[in-house]
Amino acid sequence: MNGLTHLDDQGQARMVDIGGKQATKRQAVASGRIRMNPQALAAIRDGDAPKGDVLAAARIAGIMAAKKTGDLIPLCHPLALDAVTLDFAFEDGALRVTATASLTGKTGVEMEAMTATSIALLTIYDMTKALDKGMIVDEIRLLSKSGGKSGDWTAATA
Amino acid sequence: MNGLTHLDDQGQARMVDIGGKQATKRQAVASGRIRMNPQALAAIRDGDAPKGDVLAAARIAGIMAAKKTGDLIPLCHPLALDAVTLDFAFEDGALRVTATASLTGKTGVEMEAMTATSIALLTIYDMTKALDKGMIVDEIRLLSKSGGKSGDWTAATA
Amino acid sequence: MNGLTHLDDQGQARMVDIGGKQATKRQAVASGRIRMNPQALAAIRDGDAPKGDVLAAARIAGIMAAKKTGDLIPLCHPLALDAVTLDFAFEDGALRVTATASLTGKTGVEMEAMTATSIALLTIYDMTKALDKGMIVDEIRLLSKSGGKSGDWTAATA
Amino acid sequence: MNGLTHLDDQGQARMVDIGGKQATKRQAVASGRIRMNPQALAAIRDGDAPKGDVLAAARIAGIMAAKKTGDLIPLCHPLALDAVTLDFAFEDGALRVTATASLTGKTGVEMEAMTATSIALLTIYDMTKALDKGMIVDEIRLLSKSGGKSGDWTAATA
Amino acid sequence: MNGLTHLDDQGQARMVDIGGKQATKRQAVASGRIRMNPQALAAIRDGDAPKGDVLAAARIAGIMAAKKTGDLIPLCHPLALDAVTLDFAFEDGALRVTATASLTGKTGVEMEAMTATSIALLTIYDMTKALDKGMIVDEIRLLSKSGGKSGDWTAATA
Amino acid sequence: MNGLTHLDDQGQARMVDIGGKQATKRQAVASGRIRMNPQALAAIRDGDAPKGDVLAAARIAGIMAAKKTGDLIPLCHPLALDAVTLDFAFEDGALRVTATASLTGKTGVEMEAMTATSIALLTIYDMTKALDKGMIVDEIRLLSKSGGKSGDWTAATA
């Protein structure tokens, strides 16, 4: 037993069989941030329309990516999401993205929240890279999950 | 002028017009890592088949994601990639992914390298999250780019 | 309160949370038409094989587009459709498309019927534009919907 | 000869062979509108953030749909677009969408402009249908095209 | 009555309405093989890493294709798969792929198992065609299905 | 050297770099068939509308699948196809599909022709499986390819 649920006894990739699991209400929250120079951050934060549109584009990209998770991550199940939301927060030298996904189903939505976060961050990168090619995406992690047999979980330092 | 090339004078999102640009040989290298506990890292590194399959799945996921970049990042152009490769390296408490993308075309492949890196990291997360829910993806950044009118660029500390 | 269910209190886009809604039988019917010159219309209507194939292609395109609705319309939920059908009718100087979509689920299928109609019309445009570049697509609307908490609805003049 | 370039002599669907055509600079402009009641129109136009976000979402949806045209319209060639832009204009009782697509290639981008227009309009419909289920999408048409062997073309009444 | 459930009385394509069917546990197993010359077969079988990676890539491609079945086969319903697994077996002069798909739902997963098998075989073809362009894919068939109103079925000679 | 061009020296999957290759006119022809019982074959062949629609759907599915090849086969390059055509022929106890793909580009279109053939065959299977669950897809192979540095090739017995 290798402890990796996506691999069978011979170590071969497989979709975990969720046929016997109960459909319950599940939610996951993930977060990450993109660090950038003051000029890039100001262009997003201080501009009127630009700010609206950069974040609006990142938000739409994140929501649409959450729906594509099963198409991107090889062993993820295709899921019928109940809801996805993205929030943005300006930090010192960085812009933070937090994504919340939920469904009533047989498996969790951690990967949907992680994927929404990652693609929203990459969209921000794409739309500001003319101002700062050295931006760094980091701290992408699961903050919490609820529902399902394994129960609730919250990140240690979240 | 707001300096954000994806926004026009009214701050509205647009695909930058690359119609007048020259098709040249372009390459981009991006990298990122996923930090995890020793148990999870060992399950990937020390297992025989499991290790092969986790990295193989992440590699395939990253290559396929590079081809989907224009479908994920709203303002990216659809590109005819010449090549994509992914490399993995075990670090202290982390697994590093490096992706290289290249094409002969009118715009750069930074986003393709960044997307391949991000989706490969998320695939590793998905396949090992049973062992460590607290894994953190970080240091996703562009390492270098070459080709195009703006010339070559290398990250400061890479 | 702005009355736009896809926007939260700050006007930010979100997927409406359908987690608390009941799964009921729902159906939606949409329709639209494409106006074209007599030559183009006759090429579709009077030809033997061509007529069959233009409408067959439009029908397949519409059905496949209905399944892609969640991938095209940013805030639509991905849905497990029970059925989609498309019907065509020749009118005076126009070809009409009517699409019916149904599912047993927590949200309606109006957008699936509207998307199937629109893409079927665009497919007809694409396949006959060599005969008439000035074709006009119009009257795309919801004709009726049934099921769900908001109850049945029928367009005023349908 | 049936005059339908997507059908061969037996009336069977085919992708037109563009192998012998020259790659030239091509552009297409399409437009359409969505008619709605004053309440819905005001919610988009007068709101501060809501207005920004509805149009921003429609803009992103239209741009992304243009890139998916070859995946939606059965006989369209997959194209490497140079640029796509969407513009919105408030009219009396309606909101107008105009999309411009361009590429340097062997076939035209009419369908990309038409698809961007249609999906942007459907996105507006989706985001305001809580206020007016009876909205009507109409006047979707090609306004002009330039480039290619068949030369420039402008709609009669545009 | 023509006996073809995907065609209505006028012979027009439609998605069969599954709205009135019961959600039951369903499974389907499909298989197929690719015949190749000894050099190509040995390169897959005897190589250390290459063997791992060719089969790993084919496995991932097959699993991802199963999830795309509704996007590829025009009249298939989009399905929420519970599980997909792929197995490989070396035969005399051939490599066999067997795919098993399951879900709890209102329609069967035969096409998911057939599609996973086919795309896995094409991936093997793609990755070994440099060694043998004359490879032949054959014997793709359904081996068994269970669940649903039509009951269990096993191929005659399987 | 393992002779498998998709694997590097360590046997790791990669997209072959086509950056240094010439764009030339290339074509590939693939074929395959589906064997079925007389009842199923007659339902396709003798029906009037049904026959048209089954083959029309399979033709559209095959053409659309050719355009998705790079999305399905992990290491295939995304290609800008010039043309795709599908032909059907009734044989004794079987229906044959032949697909021809062409482009002007840096790599061949064998996989596009093979994928179009396979998905067209699966579509026929899906639309007739109510009449014969035991249908067998076989003889999927490349018949010929032309263009490119490796030159022309024709299958031994084609």
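Just so it is clear, A, B, C, D, E and F label the chains in written order, and each chain counts residues from 1 on its own.
Just so it is clear, contacts are C-beta pairs under 8 Å (C-beta built on N, C-alpha and C of every residue); 3 or more make two chains touch, one makes a residue touch a chain.
Chain by chain, the UniProt names read as follows: A, B, C, D, E, F = Cyclic pyranopterin monophosphate synthase.
Small disclaimer: the values here were computed from a predicted structure and weren't measured.
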Exercise. For D-F, which listed pair, C-D, A-D or B-D, repeats its interface with over half of the contact pairs the same?
Worked result: B-D
Exercise. Which chain has its C-alpha centroid at the greatest distance from the C-alpha centroid of subunit C?
Worked result: B
Problem set entry | Farthest chain (mean CA position) relative to subunit D | E
For this session: Would you mind pulling out the distance in Å between where the CA atoms of subunit B average out and where those of subunit E do?
Result: 31
Exercise. Cα centroid separation between subunit D and subunit E, in whole Å?
Worked result: 37
Seminar exercise, completed: Between the Cα centroids of subunit E and subunit F the separation in whole angstrom comes to 16
Exercise. Got the subunit C residues that touch at least 2 other chains?
Worked result: 12-13, 49, 52-53, 56-57, 60-61, 64, 68, 71, 74-75, 78-80
Problem set entry | Graph class of chain-chain contacts, one of line, ring, star, complete, other | other
For this session: For this structure, give each pair of chains that are touching.
Result: A-B, A-C, A-D, A-E, B-D, B-E, B-F, C-D, C-E, C-F, D-F, E-F
Exercise. Which subunit C residues qualify as touching subunit E in the complex?
Worked result: 25, 56, 59-60, 63-64, 67-68, 78-85, 102-104
Problem set entry | Residue ranges of subunit B touching subunit E (in the complex, touch as defined) | 49, 52-53, 56-57, 60-61, 64
Exercise. Taking the complex as given, what residues does subunit E use to touch subunit F?
Worked result: 2-7, 10-13, 32, 39, 43, 47-54, 56-57, 60-61, 64-65, 68, 71-76, 110-111, 114-115, 118-119, 121-123, 125-131, 133-142, 145, 153, 155-156
Problem set entry | Residue numbers on subunit D that touch subunit F, as the complex places them | 8, 12-19, 70-71, 74-75, 77-80, 105-106
